[in-house]
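Written out below as structure tokens is the structure these notes cover.
Order of writing sets the labels: A, B, C and D. Residues in every chain begin at 1.
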């Protein structure tokens, strides 16, 4: 069970993430009204936000150290922030600025960091094999670092998922596979895409433990992830954790969400895990109203500073597009 | 037409103990397979209909498809009852209550102790046919699913005839702050956690106290520990009250599947029928192995022995039936049998 | 019958959307249910189909324009579609010259061989390099002979640019050069004086640029430029100064040269020249001169004919300054003299006003005090 | 032409495995993954004998799971290793291409140069031995089209060793294609040019530098891999007719040595590209474009190309041989170019 400090830290991370993304919701629409033009405004392109999925990041990443490697998805902000990727550099990358993580070459789906070790892929499921490789390198070099691969429930029907579980199990690698089941692969619900009900069952096919966390609860995630990370760290092999989580927003910003009803969306908002967690902390006497307000204010000013940094940073020189193809 | 309930719990046997012990995973296919075998047994008995829990993994629908694919069973009147897309214990309880309201004769469960507790709490008089489908199965004993279906079907057709095969168990009623909270069917534990978290119990160092009925050294969990500590209690309807310590008497406890861990016992004593045990916070109460209620500060919970659930003895029903019939009755829908 | 095509209502919340594209050109016939446009409200896009057979007569909303839901975006004249317009025919075009290989073209240029005189030995009579070389050898005496093993240096882009611009000038303008001698004796003394005063050495070039700038103020017609529309008088006096660089010539421009003093000109010319040699000039810094100065004074060249860089109509060439006998008041005295050559575009300016301009430049140089 | 001062002869496959072995000894980060690269030594011998010498930690047989292990190589490279992953036949790229072109080739760029992916993918290319449509392609042009990976294709044992060592030491992802016909395998049609002098001490051949394998004045033949051998055979035949063909072996497609192409064309005025890859949208087009862009004014004839026609690779021998360029068809194309 997490101690009080850890609980507060998990809460703080969730608030940071929520603040960061709420700022992006606003910024993303700059220049995109009245007619939505995906190329317009300071942040062009697709924007996949993770509101509702913060517990996954907070509950898993709190067990990690910077040398543990994460591979994430097209929806990577929550895990990047929770793993300690610099918010300023991330914001600048999202703004396409020279000061960004990838000097404006990556964008929001391609955030890479050496320290902490973080990477993501915009191709569904294809970030998973990389995590297997990280763990292979750790094993070969005798490091007790672990690799954590996050992916959605949609990814679990891709070959890369199955190949990765097989390899990690076969080679007994320290990988924690974390399936974020938000029920929707863009517009296709899981029940129309997946023959079985719970992806955690698929662990059985590769002889590794599979755990289901049914309710997007940060403490439950913390407990399961703690066991899985510890297991990987001590060389006992991979495991699969499936977390039923909620995507409060559309697949990307601007998604009209014609595939789900307003009532469904409202129901998700009503069970917002961040609100729930804050309530639980308050009931437990771990977070006074004042403390909560302080956390929100501190996170907001951190986000403001990051956005300001991003806004005021220079755009990359156009011809620098030709650099960095090769080392 | 007599009604038999069928509740298969989709979330059982998937929690964190897959990582902390050698607990198995019962995947949806295995679960549907068990349900299909139950339905095969039910289909062989005369004119019963089935009402089942509608849950998101659609175990019973899958089972019906499996059965249809065997092409041996005739049409079975099987429909969902209770809340649609049931996800949690509250929904299970609601389904169980709906079965009572519909006049069901008995209910077959496939889940862990938590599933049976929810069923008993939604329908206190329920006659339960429990099949073990959880991580620790203290309540249910191993029975062949087809036999269970057959016995449930026979019972439902003529409950009077098989009344002697229904056994009442002892449970534990829990009141928190004077308000009745729940009836546990196996055990109540107080653990040091302040959060429900992953709900399961696996770390022995968190155990503070426990009250257990039906101790049995041959099953895992606190019931197994109680069975070891008080071997003479096993056949007795009484409970035992265990208090754990940091040091003292050291016992190897079977806390989970494949998980034999040392625990320190401060004391262990029998609880009499009229006694009330008080468990005080801070901590969390776990019922039948799942953290359920957080107790703040010195908030007290009072535990008393109470009527538990009613369980159908499958072997007893089938034996009685066999004594009266030369062979199993072939019902209006023809079926029964194994492989080709 | 006229029928309006309306912007579909796609969202209850947004009031307006945007017309993404038309798939039909106004005036063309359309059939019922033919896709004619695509519109978008927020992130939802929708195709618009023709409601009936007819002809799209008018487009009311252009692609990219915002339009309210339910408002008309175009007009359909309902009726049977017309027969299509007669197909457009295009007159055939063609060339009938013998094929020449790229290599043959290059060598013909280098050896000044007229390709029309060469017979091709390649397929279809293609002239190849060997044909050109053979023709050059045969025709030695007419054109410049090819050296037996002349090393060929590929043309640099700058070389090509210089060649193109200067030959174009010769081809198009009516170039006329006036020469006159200036007495630079006092100028030399003034330059020596300035060198002592400044933190840098003074030179002829800034004095000449200064003199030209001042003279152009009085004779703006010299800077006029020939265009097909008519003669254009530039708004400012921007003087190009030719700088020799490795394998070429760059002419950076001094803007508003008449507004700058000698010292400022000196510094600016030195800076431009330095950056020209190190290849750091930007293109705009070499564009838009209205008059140019070119000097070979560092070499033993007394006079030469500068060539115009169109559309400039005048360029001043400066020969070397040297002590020479001069006759003053009937006596032969040593004076520092230099020859100034002014090439003009006779289409723009006549000899007389050009001579007056040159007179003025020389007068200024011979009275260096007037340059201050 | 590369100068080679050694009397020791090796086949190309042995030169490759020697290079890998020497780098494994030199750098503890180097290891090999692939299907049948262990006890089998690689289907085409590129890792022959390495398992016995360096053990299963350095020479890892993998399951048939290209997305999995090539993706794992990417991850291992990002985490500081120098993996060599063998894609048994290049034709199999379809089952793992996303890892190659979307991950291996792009991570360095997407990270703004902060993350390197130092790895090598080895893969067998080429046909001519009746292995039909899915095991005979060369496909290097397709990979060369995609930015972010270097591509080397040796034609001689000497280049094979030097390019392999250079590829392993390079901080970028490198695709190392070896043609089955240049490996010198006993079970392939004998090819005397597949054996050649190879110094024992480690050395590198620079990536991105073409090599003039034969000097000539009358036309330039630009090609790569096994077609270098065929072009040299053709050049020998042409020499008897007084035609001196210059044979330029590109050795690398990325980076492409454009200056070497232009230089040779400026010298000979005529260009023939020989390409075992499909004709359209490929290497032959790129080489010809380079000649036009860089040496247009030196051409005396339209550049010509001899490539695999745009059809899948047929099985039957006369069909496949009809499609593949060979010494005779190359010589004929050269004559046509000269006499045209």
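Keep in mind that, in the parts below, a contact is a pair of C-beta atoms (placed from the backbone, for glycine too) under 8 Å apart; a residue touches a chain by one contact, two chains touch by 3 or more.
Here the structure is a predicted model, which means the values were calculated and not measured.
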{"item": "Fewest hops from chain C to chain D - one hop per pair of touching chains", "value": "1"}
{"item": "Path length in steps (a step moves to a chain that is touched) from chain B to chain C", "value": "2"}
{"item": "Most distant chain from chain D, judged by the mean position of its C-alpha atoms", "value": "B"}
{"item": "Interface with the most contact pairs, given as the two chains involved", "value": "A-D"}
{"item": "Distance from the mean Cα position of chain D to that of chain A, given in whole angstrom", "value": "40"}
{"item": "Whole-Å gap between the CA centroids of chain A and chain C", "value": "56"}
{"item": "Geometric centre distance via CA averages, chain B-chain A, whole Å", "value": "37"}
{"item": "Whole-Å gap between the CA centroids of chain B and chain D", "value": "66"}
{"item": "Shared-contact residues (touching 2 or more other chains) in chain B", "value": "none"}
{"item": "Junction residues of chain C, two or more chains touched", "value": "none"}
{"item": "Touching pairs - complete list by chain label", "value": "A-B, A-C, A-D, C-D"}
{"item": "List of chain A residues in touch with chain B within their complex", "value": "1-2, 7, 191, 196-198, 200-201, 203-204, 209-215, 217, 219-220, 222-224, 227-228, 231, 239, 280, 283-285"}
{"item": "Interface residues, chain B side, partner chain A - complex", "value": "10-11, 14-16, 18-20, 25, 27-29, 56-59, 87-88, 192-199, 206, 294, 296"}
{"item": "Of chain D, residues touching chain C in the complex", "value": "269, 296-301, 340"}
{"item": "Residue numbers on chain A that touch chain C, as the complex places them", "value": "34-38, 254-256, 258"}
{"item": "Sites on chain C touched by chain A in the complex", "value": "11, 14-18, 40-44, 66"}
